[in-house]
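So, here's a batch of structures to check.
Common to both upcoming complexes is chain A, partnered first by chain B, then by chain C.
Let's turn to the complex of A and B:
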């Protein structure tokens, strides 16, 4: 019987904090009754605590990684490294901000106001629950754990999407989300079981090594393995497995849930899903692909080339389709749903370039990981800002269509100016942070060979396509004033938008280097990428089997 | 010589923005006037080294003045610097920018008359931001920095046209934005490609525009025909991408269609800046980025570019003949005049380069003047239909005289600035060693006739003839309007009569750029000679 040591348990501090938050909210409801202030405060404190633990953890971890051992054959079930801590940090900070948004929206005169107050406890439990799922998602390489994490994220999200119970669109959104989620989960579990059946292990590290054994047909002069072409079964199972993450990222063709859910869900949830769900999905995807690539070593290029091509095509399609679909949207939440799909496409491009560098990187920062870390950080700020502004207009007018934004520059100048900054940051215009994010992503892509260069061309072409619909919003706000009355927006909301916009401006100018250093640190010395050669495969598989039977 | 004066120059307008936003809206125009004037005065202090004989000693890149290098981003092997400096190409353009921006800030003085319910604060803040973007682009010597400033200009311009423009402002604004952004994304690809190519050579890559041109190994590798980019020769692909990026801004046919729309819809002061300064950025890009860095591709493309310049000259002039909208006419005349710039650069002779650069400055003086002249009459008549005017000189003698002077400067009348630029370009083309140069020069010379045609015809319809009675009561140019016109008129005459003072500021650097290009030109001519050409 395996028991985790104290060190290993403390590595999982952030996870514990999130679980503790859920429990605390429930207990809080027993003591204080259905009080939305108490529930919200506990969620915010819990989120801050988690983020704080992660930030402390960065120092503690230094350049090491640590794992909860005891999974399959000494391969950790959960991993604590810079990368996973960063994602948990991001998600929990975002959790705090979403809770804050819910607080601000409480004062708005909305039809569902009473329900919002009454059901706040459930709302926060579900929200923190999905955050916990995401935290698991970014810190594991174990097939079972991945499936649990994806489900842990999805189930609360389904409920959250339909949280406006009496709202027809919300119900539809929830149902659509469940159906899509169920199908993709089924495919994912199918892929996982195929992998387990072939390689007798639940851990991707071990699976990677087993694949090498299976495919090796000789050695190069330098001692590297010459690999055979991948088998069909292997290809099918890896693709099927990755679909679960693709669904979370809302990559084309698994994106259909995204616009409907974004439109139907209340705006806090839309914001939450637009960033957190994608962040977690990307974290998972990056890790899975990188782990496989690292184990395959020199052979990765050849064996996993089709994975790279598939991801590259998918990324290109995702951003192009997302941008073009956004053209005709008039509902702001839908419009930015497609915008978020497009941005998922840009970020997915980074997954496609892991392979050429995956085998070699050990201690140095991984360019693809670093690009994602940076992009998602800036993307969080931009999207939070955009949805925050949409929310404030919605709270004041009860409208979500683009017409509600006409003449906003007169009706609420601060919101309009900040919104312009967010919009053009999303386009990727310097000197805003969106450009820096895009630049480092493009630089990483460019450096990775011909496929990367083609992706760069796709990405910059998409920048151009995207300008039109972002500018359309700016256009409504600044150029077409139809005389709607001025709106009242909460002061704190204005302040938050201003802070977000300032942060984006600073990231684009003075902090442009610092944020790159930060993301390099967060993505260096990854557990996932270092090659684990200590234990021979048969032994690992044997222990894994034993372990599993127990 | 390390100096922070350029940084002050670039960011002084940003300080102005703070004041504009903090002060009540009615002071916005005075603050802007003061700040743009201060920037102009500050830029005049840069004259000193350029008036001395040692200013242009040493090859290209070694005689930058007021240079400042501060590390900005240094991470993951990337070295991006705050690197600014000016030489004979950028210095005259900086003076032009500060002068024209100051004058157009003054021209915005009547803001309350033309847009009552739009925020003057927003207008003047964007106006100052635009100046920062332009000055930064002219001063930047780091390609990354250049790109940032290049993009910084876009947003203010979009809003200045879109919010404060004419009836079809939305269309014009987004068209301007889309065209220019299309150019910028091409530049972005080139930016990355050039960085990584330089990293291949030196180990640590660089973004320095000067090093790209002067570092012997980087320059060699960039122009190495064996180096490929996605299967095509590196230098040619980069040159074409950068060239398209810049030609959209100039604008060169067939990417010129945004310009008439943008001009017609933009308010007068913005048109002045657009024509006087923003178009020059494209031409500056040719001289700073395309030509010195990719000489081999420049020689390869010379014929094609000369023909494009020729098309611009002739096609722009023909379009002018067909216009009845006064402002659209001036806009198309800009296209025609910028054709001379491209032609002068494309032939790559000393005289051609000098003529192109002079034409850039001459057009930078005459076109804002023309746009302002149109604006003056538009303020009074509220229409711009050339055919409905007549005899304005009679009711507005002072305005009429200055207008004639401005349009004659644009026409290229000897003794005024336009003449020198055009004639130098034509001479440079005619004397160029390319087999196609003489026919091109002959055809281009016809452009001068067309220009005279449309300008004289326009003057005849608007200023001469019988005074129509609806215009008889128009007041003459006010003191403010005259004060704005006088500096431009004076410069037009000064540059026309004593061009050598202007040439002295830039000839040294232009010769340096030609020195960089010379090996490639010689090589190409050897081929021509070998072929019996």
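Let's turn to the complex of A and C:
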């Protein structure tokens, strides 16, 4: 009989805080009735508590395991390390900001104002529920837990996308979202069953080791493995399994839901999905890739070449298609949906180069890990800012198309100036945070062989191209004034946008070194995940068999 | 009538139920599920396809768990898959109801207002 120890329970503090928030919102609804202020305040306090627990806990945190042993020879089901704490911190801070955005939107004269007030409790429960799913997604190495986490993230998101009932676009968006989501998660679960069948374990650490053992045909002088080509069954099951994470990140063959859902859902949820869903998906992908890379050792050759090629091609396509489709959009939410696909492409490029160069033997994590952590931090600020500005214009005018932004520099100078800052940061202009993020990403790509250099070329070409449609928005705001009246913008909203823009400016200038150290620390002990389960698979399976018989 | 080897094969390989039989069943279910998802234009039809694929995965998990080593893991996962499928179906049908109330149809091709 397994019982949790006190240490294990306290390691999962952030997870407990998120679960507690859900319960507290529900109890709050029983006590205070359907009060949107109470529900929102509890959600914000819960999010801040979670973020605080992460920030207090991650200093000098090693790799800690908690939960039942996940399958034969496996490590326990949940892991609490710097990396998972960082992602939970990011997601819960974002949760607080989205809750704040919902608060601000409550004052606007929207057609759905009454429904928003009435259903606020459900909104916050679903929002925190999907945040909890994401928290599980970034802190596990177990197939069962990954399946549960992906579903737990998805199910509330489907409901959130269709939150505006009877609204034609929202209804259609949620229908498309749940159909794509259900299909991809079903295929992911089937892939997981094939992996379990071949390697007799639910733990991806054990599975990764078994894969590498099965393929190794020798070692190089540097101590890395020389690998055979993978078998067809292995390829099919890994690809099927990764589809779930690719759907969350909205990589190219699985991106169709993204623009439709972003356009149809209300703007708070669009913002939530644009950052949190991608962050969690990337966290999961990085964890899996780190497990594989750590098994390979330094200078491995022929290292799962098809995986790296497939991910590289996917990343390049994601980036290019996102940028080219954004080019002719007129709806702002849809435009930035494609922009977010393009940014997912940049981050996937860094995922693609991790595998061949492993580097686990020396213990130092691959620079791409820290580049992605840095990128996602800056990306959160930029995207929040852009969608916040779009939301404020929407609340004031009821319009989301690019025409509503004409002459914004006169109608609401603060919003327009901040928006320009966010846009140029998204492009990657030098004094802003977007430049630092892109710089480290491209530097990591550049150092990693011919595929990396090809990806750098694709990324730079895409950046130049993306300048056009970002600048188009800036041009509409500054130079094509068609005499629309000035808009009233909430003071808190202006303040939040200013703080976001200042943070981006500081990251781009004064804090550039700090943020690099920060992301290095957060991603430093990713490879340590694999150190725990040193027992060979056969023995572990025998032990499990004995336990089972008894 | 047939050589002895054939009868041996029939007894050992076909009539004695083993892992292969379960895998063949699961692959059939998976293929039918994918076919269902691709061909149906009705939202409920697509959901049925998804459930078929999930059941195929459950059969895989249980069969691997029974015929190979690995303890009870597969059985537990199968239970969780049933639970997740039920939760997913509940939300899916709620969304289909909402779609029907708005557009008076659940034909997925009718949801075509969100484009470019």
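Methods note: the second predicted complex is superposed on the first by the 494 of 550 C-alpha atoms of A that agree within 3 Å, B and C clash if a C-alpha of one lies under 4 Å from a C-alpha of the other, contacts with A are read in each partner's own complex, and residues count from 1 in each chain.
The rule we apply is simple: contacts are C-beta pairs under 8 Å (C-beta built on N, C-alpha and C of every residue); 3 or more make two chains touch, one makes a residue touch a chain.
Please read all numbers here as calculations on a predicted model, not as lab measurements.
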Which superposed partner A:175 touches (first chain B, second chain C, both, neither) = second
So, does A:435 touch the first partner chain B, the second partner chain C, both, or neither?
-> first
Kindly classify A:521 by the partners it touches after superposition: chain B alone (first), chain C alone (second), both, or neither?
-> neither
Can A:8 be said to touch chain B (first), chain C (second), both, or neither?
-> neither
Given the touch rule stated above, what does A:329 touch, chain B (first), chain C (second), both, or neither?
-> second
Of the two partners chain B and chain C, indicate the one touching more residues belonging to chain A.
-> C
In the superposed arrangement, does A:401 touch chain B (first), chain C (second), both or neither?
-> neither
In the superposed arrangement, does A:443 touch chain B (first), chain C (second), both or neither?
-> first
On chain A, what residues does chain B touch that chain C touches as well?
-> none
What part of chain A is in contact with chain B in the complex they form?
-> 365, 367, 370, 409, 424, 429-431, 435, 439, 442-443, 446-447, 450, 453-454, 456-457, 460-461, 463-464, 467-468, 471, 475, 478-480, 512-513, 516-517, 520
Within their complex, state which residues of chain A touch chain C.
-> 71-72, 143-144, 147-148, 151, 155, 158-159, 162, 165-169, 171-176, 178-179, 182-183, 185-187, 189-190, 192-194, 196-197, 200-202, 259-260, 263-264, 328-329, 541-542, 544-545, 547-548
Taking the complex as given, what residues does chain B use to touch chain A?
-> 72-76, 78, 80, 119, 122, 147-148, 151-152, 154-155, 158-159, 162-163, 169-170, 173-174, 177-178, 181-182, 185-186, 188-189, 192-193, 195-196, 229-230
Chain A contact footprint on chain C (complex, rising order) = 26, 30, 33, 37, 43, 46-47, 49-50, 53-54, 56-58, 60-61, 63-64, 68-74, 76-77, 80-81, 84, 87-88, 91-92, 94-96, 98-99, 101-103, 108, 111, 113-114, 116
